[in-house]
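Next come two complexes built around chain A: one with chain B, the other with chain C.
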Partner chain A sequence: MPRPGFVLEVDRSTPPILFHHGEQFRLEKLPPGRSRVIYPAEPLEPLEDIEGAIRDALLNPLGDSQPLPSLLKPGMKLTIAFDDISLPLPPMKRPDVRQRVIEQVLDIAAAAGVDDVHIIAALALHRRMTESELRHALGDRIYDAFAPHGALYNHDAEDPDNLTFIGATDRGEEVEINKRAAESDLLIYVNINLVAMDGGWKSTATGLSSYRSLRHHHNVQTMQHSRSFMDQHKSELHSSNWRMGKVLRDSGVKVFQIETTLNNDVFGQDGPMSVLQKREWEWGTRDRLAFLAMKKGLDKLSPKARRQIFHSWKAPHNVTSVQAGEVEAVHERTTSHVYEQHLVPIEGQADILTMGLPYICPYNVNSIMNPILVMCLGLGYFFNLYRGQPLVREGGVVIMSHPTPWEFHPVHHPSYIDFFEQVLADTTDPKVIEDRYEKQFAEDEWYRHLYRTSYAYHGVHPFYMWYWGAHGMQHVGRTIIVGGDTRAVRRMGFMPASTLQDALEMATDVVGRDATITHVHNPPILMADVT
Partner chain B sequence: MPETARPTARFVGVPNRAGRRVGTGAPAGPDGCERAGGDGRVKALVFERKPAKYAAAMAAGKLVPGGGAKVGPLRLRGDHDVPDLPGPGWHYVKPRLAGICGSDLATIDGRSSRYFEPIVSFPFVPGHEVVADLVDPGDPKAEPDGSYRVVLEPVLGCVTRGIEPVCRFCERGDLGNCVNIAFGGIEPGLQTGYCCETGGGWSTLMIAHESQLHRVPADMSDESAVMIEPAACAVHAADATLSEPVVVLGAGTLGLLTIAALAHFHPGLEIMAVVKHPEQRRLAKLLGAHFVVEPSELRRGVRRWMGSMAFGDGSIDNVTDGVSRVYDCVGSSDSVQTAMSVLAPGGELRLIGMAGNVELDLTPLWHKEINLRGAYAYGYEDRFERRTFDMAFELVQAKDLGRLVSATYPLSRYEEAIGHAATAGARGAVKVAFDLRDEKERNR
Partner chain C sequence: MARTRLPVNGRTLAQLAAATTKTSAASVVRRVPFPYRPPTVPAGVEPKRPEPKTGGNYDTEWARSYPARLARVLLVEGLVRPAVELLAAPTIKGVDRLLDTDGPLIFAANHHSHVDTPLLLSTLPEPWRHRIIIGAAADYFFGSRLTAPVSALVIGAIPIERSRVSRKSSDDAAALIDEGWSFLIFPEGGRSPDGWGQPFRGGAAYLSLRCNVPVVPIHVEGTSRIMRKGSKVPKPAPTTITFGTPMWPTDDEDSRKFAARIEAAVGQLADETATDWWTARRRAHRNETPSLQGPGSVGAWRRTWSLGDRSPKRRRAKRAWPDLG
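For the complex of A and B:
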């Protein structure tokens, strides 16, 4: 029986706490008597028969959906969309759950005589997936059967000939999605619900849409009113997507949603990284030696070599549930599974929230964690991993640990470079940035060209990353990054600190000397249920 | 001097008294200069023709910017000969402030092109950015009262050399293009500060022809006045006939002045400045730049600014449709190469910084049909129908450019001064100058 999440009150006997620090690690002593550490739950038990669970979900759908076989007819147009490279994190060991699901869907479709099938990576404004990434997610069998015939491809949100305007919500939010998906007799969406933000109507209304649509909810106003965007019922981001989902449904777009959840097994139960899965006071001699050896070894390597090692890691990530059928019914069940793995009950807010940011976030798989993504991971994702209220009080301090190099992947993140050099040099205020610069970047022809033909994130994407942190920036009084490139940290309007102790000292200006501290021991992922 | 529509220089109204003409009849100095042998001695920094020391300066300058001052041919002398007046119209002037220019630094650090060899004469006293007191003509020992300050227009053209008729360039006012800078009544020297006969601003006494002198208004500070000559260079270079955005590459003295000149004389022109240091960023914005980027950000900045496409898969080697003009105020291989990469086809690269020897891939110049054009000195600005120096006076006053003088030194601390000037940007400075107002030797 896996143990649930846990809150450790730090005392003098508490060993140094592990902080992820990009492709490195730090061991930090937290002040006793006023610090606590939130640990994630241990990985939930995986499904014993994944194939059986998938089959069962397809044949016994939730909500008012018919079983999948009864929805498939010869001569129909079928589109299967799936979550892109941003999920899961880190990428999972083969076979990826998307492959397992889609293989069964294709078998059922073939049995029903459906031969007009397209498979689309629902990447919205993310970068296109490479062949090897598609093969990893879907398997060689699917790739070889579909890609050579042009039936497996990446969604293109900038191809006007392959987008369909569906309509607008009662609030004027325009809904425009992939034409093939919109015109299919059935759209099957296959997701991985890694965190509570994922899935539901967001899958189709975001993953297969265009800038014209996305701008209605990927904006500062929405993000500042999503508290948090991990809590669907308090999230304006989700409300907007759900309104768009209604437009899709009412217009006749028929969606069969398949959602999957994974457990927290990020680093494995044995092997070189397994120590990262454990709580420090439970480290045995072998764990300590393994950690020290790993740390020393990594510290001697170049950043590039470290990056290669970490990005080659594939997580065990076992499947804990599969749901299929009507979108909202499916997502309700899925969310409960996500919460079962992630939620940790917490009482009260702290003055200071500390976090050790790892090497990966949704937008730098096989890439570089640039400073904007560091901000997004910290003040966006980690900060928003709460239900109820933030872990840190309003006006408090967030301390993040990450090297934050002034480094960008030129192919994946070209507009990020310009955003960092030109926009953040002007202002870091999300609202000013949105008003002054977003349109220019969103409509820039070069970014469009690179998004469509190369492997670049869309020109507007760095804006969304900045907006993702808008609630956090608005909420906290100071953000400090430990061990980061000082120029890069300052460019983002944050304060650099060499050590955690320095950062805590710097925080006293804002929260005083006896400030309470909460450290989120993430990854593996946890979500705080703060009362 | 009779006024003409396009006068070759602005005569400030000094009474035209005959000076002694010693020139060609004087005995040759040890380095071949027919130097005057007037009464007395002056304190001066003297640059001599000493190849071994020049080589040492070259090596030292590569190690430490300005390092050539310690080991090279420049030395402080307290017994430099008082220059003699070569003929009518020449006057003694006593420098008050004399700036240290990029071309001076190139000379001191052994980076100057051999192109200059025939158009300078040794030993020379550097210093061509000069505000000085005009002293009683014919009496180098006369004590000025500061009531008649002048700025030097240092080009030694036909008029100063006593050549008649003047060359066609001087005739039309393009003094910087004079073809007689090595001929006539005085020794070779493209400007005062590179001629063995005139002395230079880095001294307590020098001579100047009346055609070179511009009277400084009483309400103008010495700091502002010493910026007139470099400002004139910028005004001449910053000629713009375009409404399209331009890039000013480099934000040392010349770069900042070019930004100021573009902003002042071409209002509405959009300017992107390329700066290295925080203080340069502040000043570039203050003087009129609309966008400021660092050198490594230029290609991306121009691409986005112009809405251009770019070659390269996310990294940018060349923008396809860049700016129409780049003012290169650096003149290095890197700056020229970068400038070509951000120019639109048919664009113009205007080289303001003294380039010297550079190594370039000229393929973009060929492929994009880029026009490469130099910008040297000053003269007469056709489009404004004004002399450049007149416009420079206006610019310096309008933009309060005296504030760009960051530090001054006495001659005795010349190594320190040159070191400071050579690293000015990194140290938050712009113009470094010698302050000769308090030199006790000034009036000895």
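For the complex of A and C:
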């Protein structure tokens, strides 16, 4: 029976706490008597029969949807869309759950005599997936059957010939999605719901859309009014996507939603990395030796070698649930499963929130975690992993631990380089950035070309990353990065610190002495239910 | 001390020499008394024929002792696998279909060549690879005192009678599966004589029903180009091994019906290898999967013709003129 997450009150006998620090680790002593550590729940028990669960979900859908076999007819046009490389994190061991689901969907389609099938990576403005990444997500059987015939491909949000304008919401939000998906007799969307933000109408309305649509909810206003975007009912991001979903439904786009949840088994129950998801006081001799060997070994390696090692890690995530059918009914059930794994109740806010940022976020899979992504992971994702109210009080301090190198992947993140060099040199205010620079980057022909033909994130993507942290930036009084590149940290308007003790000392200017501290022991992922 | 003189003279020596030349080995043995020699058989009694120690009676238990298993691991990993890599350059597909499975399995593959066995031995996924027994033809692999121990040690084979009815083979195989050993069998009962498959026999299906263990269909493609039946010298050629989803017999299936379904599954894997997974699935649902056994009642030449590129006798034409670009 997996143990639930819990909150540790730090005392003098508490051992140093593990902080992720990019492709490294730090062990930090937190001040006793005024510090708390939130530990995630242990990985939930996986489904015993995953294939059976998928089949059951397809044959017994939720909401007003009919079973999948009765939705498939000979001669129909079927499109299957799936979540891209940004999910799950880290990428899961083969077979990926998307492969398992889509193989069963295709088998039912084959039995029904459906010939016209397209499979689309719903990546919105993310970079295109490479062949090896598609093979990993979908398996060789699907790739070899569809890709050579041009029936498996990445969504292109800048291809005017393959986008369809559906209509606008009652608030004037334009809905434009992939033409093939819009014109299909049935669109099946296959999700991996790693966190509560994923899935629902956001899948289709975001994953298959274009800049014309995305700008209506990927903006500063929306982000600052999403408290948080991990809580669908208080997220303006989700409200906008749900309005767009209504437009899609009313226009006749028929969606059969399949959502899956994974447990948070990121580093495994045994093996060299398992120590990273154990509670420090439970580290045995073998764990300690493994940790020391790992740390000392990583110290000897170059950053590039360390990155290669970490990005080759495939998480032993296991499937905990599969839901299929009508979008909203499915998503409601899925979200409850996500919460079951992630929610950890905690009372009250702290003056200081500390977090150790790992090597990966949704936008640097097989890539470099550049400073903008460090900000996005910390103030965007980790900060927003709450329900109720933020873990840190308004005007409090966030301390993040990450090397924050002034380094960018030239193929994946070309517009990030210019954003960092030009835009952030001018201002770090999200609203000013949005007004002054967004359109220029979004419509830049060179970035468009790289997005469409290379493996680059869209020109506007670094803006969205910055907006992702807008709620956090607005909420906290100071952000300090421990162990980061001083110039890069300052460029983003944050304060650099060499050690956690220095950072805590610097925080006293804002929150005074004897400030309370909360540390989120993440990853594995947890979501604080703050009352 | 007085010396005793032997009564030896020239005549005595001559008599002794004559007696020695007349003595045969048989006569010496006959002079050895029973029980130092085998008994003679009384007249009118049918002598008991000794049980042969080879063929289906060969006892392979020693080959599953730890020293023998260790030797086999070293042989397979150190010798067989590199040789197979050089000779067959295998592409392995469908291993992910086994990831949800544990415990013993029955692997059932089509059979074209002697290369099939080492190829599968070195490509079966762990944890089954080193805890597997192979059903090998008793009359062929265990036919002599030389081949029997080699077959038992190197490929972990157990003898399977294919030319006479015997329960011993199936009893032995079932007992080993019950002990946790997986079993590799070629249900066609022998190598393909002409490049097309042969009907699957019921052995794999019977063992699955009896031991309550799933059958994993496997399709092996390309080994007939390396060494088809009848050829002596192997020629390198690429191969593809495709593992299928483990199959359980249904409640209303006997071994004959289940064997037919296993054959169909291997046929679908063959189709998947020849085309792609999606095409194969669609054809399977339309019952249009090409048969492993090739076209039925047609002339021999048409069967060979239908093999196309898969024909083991097909050779790439040598270029008559230099390639001038």
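Throughout what follows, the second predicted complex is superposed on the first by the 531 of 531 C-alpha atoms of A that agree within 3 Å, B and C clash if a C-alpha of one lies under 4 Å from a C-alpha of the other, contacts with A are read in each partner's own complex, and residues count from 1 in each chain.
The rule is short, and it goes like this: a contact is a pair of C-beta atoms (placed from the backbone, for glycine too) under 8 Å apart; a residue touches a chain by one contact, two chains touch by 3 or more.
The structure presented is a predicted model; accordingly, all values stated were derived computationally and were not measured.
On the superposed chain A, the positions of chain B and chain C stay apart, so the two partners fit side by side. Legend: residue contacts after superposition of the two complexes on their common chain; A:440 is shown touching chain B, with no touch to chain C. Contacts of A:411 after superposition: chain B is touched, whereas chain C is not reached. Once the two complexes are laid over each other on the shared chain, residue contacts for A:450 go to chain B alone; chain C is not touched. Once the two complexes are overlaid on the shared chain, A:421 sits against chain B while remaining clear of chain C.
Put simply, chain B and chain C get as close as 33 Å, counting only Cα atoms, in the superposed view.
In the superposition on chain A, the residues of chain A contacted by chain B and by chain C do not overlap at all.
Across the complex, chain A is touched by residues 93-94, 96, 99-100, 272, 276-279, 281-282, 284-286 of chain C.
Per the touch definition, chain A reaches chain C in the complex via residues 49-51, 94-95, 99, 103, 106-107, 110-111, 113, 115, 117, 139-142, 144-146, 148. Residues 409-414, 417-418, 421-422, 440, 444-446, 449-450, 454, 456 of chain A are the ones touching chain B in the complex. Listed in rising order, the residues of chain B touching chain A in the complex are 291, 293-294, 297, 300-301, 303-304, 307-310, 312-315.
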